[in-house]
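Once you scroll down, you'll see the structures, which are given as structure tokens.
Next, two complexes with chain A in common: one pairs it with chain B, the other with chain C.
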Partner chain A sequence: MAFVSYRFLALIVILFVVYFAVPKRFQWIVLLAASLVFYASAGYVGLMFILATSVSIYCGAMGLQAISDNNAVYLKANKAEMTKEERGERKKRVQRKMRLVLAAVLLFNFGILCMFKYLHLGNVRFIAMMGSSRLLSVSLAVPLGLSFYTFQSTGYLIDVYWGNVTAERNYFKTLLFISFFPQITQGPISVYEDLSKELFTEHSYSYLNFSRGARRFLWGMFKKMLIADALAPYVNGVFANYGEYPGYIALLAAFGYSVQIYTDFSGYMDMACGISQIFGIKLTENFERPYFAKSVAEYWRRWHISLGVWFKRYLYFPVAMAKWNKKLGKNVSAKSKGFGRNLPAAIALIVTWAATGIWHGSSAGYVVWGLLNGAFIIVSLWTDPVFAGWKKKLKINELAFPWRAAVTIRTFILVTFIKVLPEVGTLRDGLGLWKHAVTKLGIPESFDAIFPDFIDYTQIFNIKLALVFTALLFVTSLLQRKKPLYEYMEKVPWLLRIVIMACVAMVIIGFGFSQSGGGGFMYARF
Partner chain B sequence: MRDSSKTLVTVVLFGLLMVLFSFIVIRSYENSTYSSENDRQVREDLAGTIDTIITGASHAEYGIDPVKLDKNLGTSSYNLSGPWQSTYGTLMLLREELARNPVKKVYLTISEDTFWVKETTDGVLGDAKILPRLNGLSDRLEYMKNSFGLREYPKLYQDMVNRGFTYWSAAILGGDIDGVDPEARGFYGKPKNSVKLSDEDAVFNKDRYKLNTNVNQSNWKNLDEIIKLCREHGAEVQVIVVPVSDNVIWTRYGWDLWYNHAKAFCAERGVELWDFNLYKERYDLFKDWYSYRNTTHLSDYGASKFTGVLIKTIKRAEAGKNISKLFYTSYAEMKEDSPYAAIYNAYDWENADPSKRPAQTDPSGEEPPADEEEPPADEEEPPADKEEEPADQDEEPDDEDLGDEPEDVTEENTEAGKE
Partner chain C sequence: MEELLELLNDINPDLDYDTVDNLIDGRVYDSLSILNLISDIEDTFDIEIGPKWLRNENFNSASAMWNMICQIREED
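What follows is the complex of A and B.
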């Protein structure tokens, strides 16, 4: 069920009425039912996989909690009688048990993920004998949001293992946490302690939430359908045959891709957050105007924030704080203090970024993409003190607008360069596109020369419109530096606000559907 | 105001505004005569003068030029076709035009898509284009009731809003409204596009896709109604198939099955069928790939040539000469003569790396046939005792205008096009 479809709209309307009509203590059950309906609409086979994940996570979390609780009870009762060695021995035994449970559940879930994502299980056709002569051929589609819900649920399990949260005793609540429909397809990847508070708290109806949520949903549609989908034919067409066009077209397609993927992904996030807000549920924010970042590291703190937080919390810190890594840092520090101090962080960064690359895809392009991001961050980590000294000597005011603008543009170019590499085809194609863009750049003779011959009249019109809307997006992003967009909107008189929203809806219907028809989102493939 | 009351008022206001805006946008388009898909005003201006109608879907709209037809045959014709025009849409439009014009001849074009399309689930955009072309609210309501399934209404609404906006933006920004040329009499010629099938494609893509040869009885019923209606108004019906590119013929299979349906339909109703896909000179006439705007439609250049062929055929028929000799008897026979057949047959199959050869399977999972379906035993062969054409038949002086090069196809732009 696509977000942009009448079926989804019907689901939301029904859910809205039922959610606020039932006694508040049943609200989460209504959300669970809606989530299961949403998920089942993508196929029952996928539903079986998410149920398997939820059962394994529930059992794992309950198992870990039981081991931990039993240990606590035992220690409380017997602490006085136990020697230090006995306590140490018991602690080791308990930890071993918990690690075993954790490893088994993680293996099971990451195993499913790997089978679909890296071994491409979905492409295999299973043929099963049915009765004596009938053959049943089953082709498995990748379960909807597999990467996202696997990360979210395993994050919860690790938190239970670490004792950060108490395991949820109600299986159906665990299932809702994993399958909450607005975020299932593309995240955000929420942390249990945040999302559970939102999901299981009783919510009263609020007009403010309704209007803000509905506006945000429309804004997301606007970004997705009028910008991302309009740019898609240009970007895809040029990426497929970049060598046939002048370098400036390849260059425009590359930067167009940056705009396309941002508006597509952040558009989805706005829609997901908007729907949730209507029901009084606040989701983790995933974007913080990323193209205004002044370094690659900052960009990643602003882009797909929840994934960054996941990797930081469950991979970067464990690796950075690992005993062997710290020891290595200490040993190297003895020879080179600066290098040794940063080494554990650098190793953790390399591991994290390689994993981030692999999360996005199994091709070499994605691995290089991840490592390049890591490399840029590590280099800036090491060179920052040097540059700080230079800036001081050259008396550069880092707060001055020209400097801020220059580093922002530099970062945008850098992230675009990295971003495009795995998207053109193979890594060689990605590098080839950039080589072509630089060596065969050329100058367009007219504005219309930037449109390749495969773009038809209607598409040119849509792209021109998308450029205007991108400029509007840029302006709104600038405005958001001071306060959120909704605060500006709320200063507009109520009636005028409704008129503006109706106009936006008309423009989306008029121009958006003709180009996307409510098509899929780019990040869903990850 | 309480939160729930305020929400209700907001939703109602929003809904009312949407209705109002939609009305303004759609109405502006719907009233914009001479826009690309609304020739209502043009036809109204010509009312009482049209004696020949060409009707069907996009193949005919882009493929037959009434002006050229009139110049050579002395008729007053109009091309009443439209993209994805269903048989029901054709019936509705014909009903209006036959009532107000002294029509003597109707060229009813059919294509490989005519029979299978289901009115209420397929081709909603084509159906949407018919709507503003109909006169009067009652006709439109009747058309909406019979032509749109429940699920098609949202798409219809989006489409109408989109057209309204496109019209508005073009009008405001001074862009091309892409209007119908009233002088073109319903013909909508467009320049060539790229249609070429590479040698490798020709080898590997033979019979790759299955033609949908299903027959939806409602289409036959509509075609029956059309023939009946024409006869009631004293108009003779001639069924025509406008040629599609060799690319389409070569890469799809099931043509003869479709052709047999078409022949059976026409024979049962005493109507003649001219399938110009089977026209023997098609390879010479349309060998240039710029004869087509895309794989299934003729370009303006191709349309000019095809209209010439049509005129020639009409003249022959009117002179009582044998028409069947101009056509292949089956698609299988025609395919054997295809320029791609030589490439296919010359391919070094024995030494070819089998792993490089893509499996020739239909995306639907169906296996391709071993051979093109054989024409049925009762297929009409040219009669053995048929009189030989007079020697001067082929030298019959054609009208000066027949098959000439359109003015815009110069050697220069043709070469550029080839690049």
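What follows is the complex of A and C.
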């Protein structure tokens, strides 16, 4: 069931009525039923895989909790009579057991992820003999939201392992946490502590939640259907044959891609958060105006925030704090204190960024993409003190508008350069597009010259409209620096507010549906 | 607690550690400075801080850090 479709809207309407009609203690069950219907509509085979994940995570979490609880009971009864060595020995034994359970469940779930995402085993046709002469050929589609729900559920399991959360005893609640439908396709990748509170709390109908949620959903549709989908034919067409067009067209396609992927992904997030808010559920925010970042590191704190938090929590810190890494840092510190002190963090950053690249895709382009992001962050870590000295000498006021604007534009160019690399085709194609854009830049003779010949008149009109809407998005982003958009809207008289929302809805229906036809989201492929 | 305050003052002497309670949430410390601080705490207090302790609430204030150190010592 496509997120942008009349069928999905019908599901939301039915869910809304049932959710607030049933006794509040059953609300989470209604959400679970809707999530399973939504998931099953994408294919029953995928449903089997998410069920397998939820069962393994549930059993693993319960197992870890049982080992931990038994140990606590034993220590409570015997701690006073045990020596420090005996306690240490017991701690090691318990940790070994827990590590074994954790490793088995992680291996199972990341195994499924690797099977589909990296080994592409889903594309292998399984052939079985049926009767005497018929062949059964099955091709498995990648389960919907596989990367997202695998990360979310394994994060929960690691939290149980660390003792940060208590394992959920109700299997169906675990299943809802993993399969909650607004976020299943593209996240956000929620932390159990946060999402479980939202899902299992009883919610009363609130007009404020309904109106804010509906407005945010509409805003997400606006971004997705009127900007991202309008830019898609231009970007895809130029990326496929960039060599045939002047460099300025390749350059526009590259920056167009940055706008397209932001409006597509953040549009989805607005829709997911909006739907959830209608039911009183607050999802983790995944974006904080990322193109206003002043460094690559800051950009990554503002873009796909939940993925960054996952990697930081479950990979970066464990690697940075691993005994072997700390020992290495101390050994190097004996020779060079500054370098040695930052070495464990640098190693952890390289590992994390390589993993982030691989999460996005298995091609060399994505690995380079990840490592380049990491390299920019590490280099800025080590050069920051040097630049700080220069800025002081040159009396640069970092708070002044020209400086802030310059570093923001620089960061936007840098992240666009990196993010285009794996998207053109191979890594060589990605680098080729930039080379072509710079060496064959040229100057367009007229405004219409920026449109390649494969773009038809309707598409040109849609793109021009998208440019106006992008300017509007830029202005609203500037406004959001002071307060959330809904606060501005709520100051507008209610009648005018309704007129504005009706206009937005009509523009979406009039132009959005005609050009996208309820197309898919870009991040769903990750 | 005094040893901990000394460590924190070495990193940033301008902060009032009796009142500040958003060292992580307010991005006063980034992930790199936290790692360096952890290394110093481990050396000073002879403890091992595992990744499970790396939660914002354990590092947002000096008193939260001190509570964490006490808990780790108790667990050992």
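Here are some notes:
Basically, the second predicted complex is superposed on the first by the 521 of 526 C-alpha atoms of A that agree within 3 Å, B and C clash if a C-alpha of one lies under 4 Å from a C-alpha of the other, contacts with A are read in each partner's own complex, and residues count from 1 in each chain.
Here, contacts are C-beta pairs under 8 Å (C-beta built on N, C-alpha and C of every residue); 3 or more make two chains touch, one makes a residue touch a chain.
All values derive from a computational prediction rather than experimental measurement.
After alignment on the shared chain A, the placement of chain B and chain C results in a side-by-side fit free of clashes. By the touch criterion stated above, A:Lys326 is placed in contact with chain C alone, chain B being left untouched. Touching more residues of chain A than its counterpart among chain B and chain C is B. Applying the stated contact rule after C-alpha superposition, one finds that A:Thr185 touches neither chain B nor chain C. Judged by the touch definition given at the top, the superposed model places A:Met501 against chain B, while chain C stays out of reach. By the touch criterion defined above, A:Ile509 lies against chain B but remains apart from chain C after alignment on the C-alpha atoms of chain A. Once both structures are fitted onto chain A, a short way to say it is that chain B and chain C open up an angle of 170° at chain A, using Cα centres and rounding to the nearest 10.
By the touch criterion stated above, A:Thr53 is placed in contact with neither chain B nor chain C. Using the contact criterion defined above for the overlaid structures, shared-chain residue A:Asn462 touches neither chain B nor chain C, since it reaches no partner.
In the overlay built on the shared chain, the residue A:Ser211 is in contact with chain B alone; chain C does not reach it.
Of the two partner chains, chain C is the only one touched by A:Arg313; chain B is not. Between chain B and chain C, the shortest distance over C-alpha atoms in the superposed arrangement works out to 35 Å.
Chain A residues in contact with chain B (one complex) as well as with chain C (other complex) do not exist. By the touch criterion given at the top, residues 31-32, 35-36, 38-39, 49-52, 54-55 of chain C touch chain A in their complex. Within the complex formed with chain C, the chain A residues making contact are 162-164, 312-313, 316-318, 320-321, 326, 329, 341-342, 344-345, 381. The part of chain B that touches chain A in the complex is made up of residues 3-4, 6-7, 10, 13-14, 17-18, 21-22, 25, 154, 157-159, 161-162, 164-166, 169, 175-176, 178.
Touching chain B in their complex are the following residues of chain A: 6, 205-207, 210-211, 457-458, 461, 495, 498-499, 501-503, 505-507, 509-511, 513-514.
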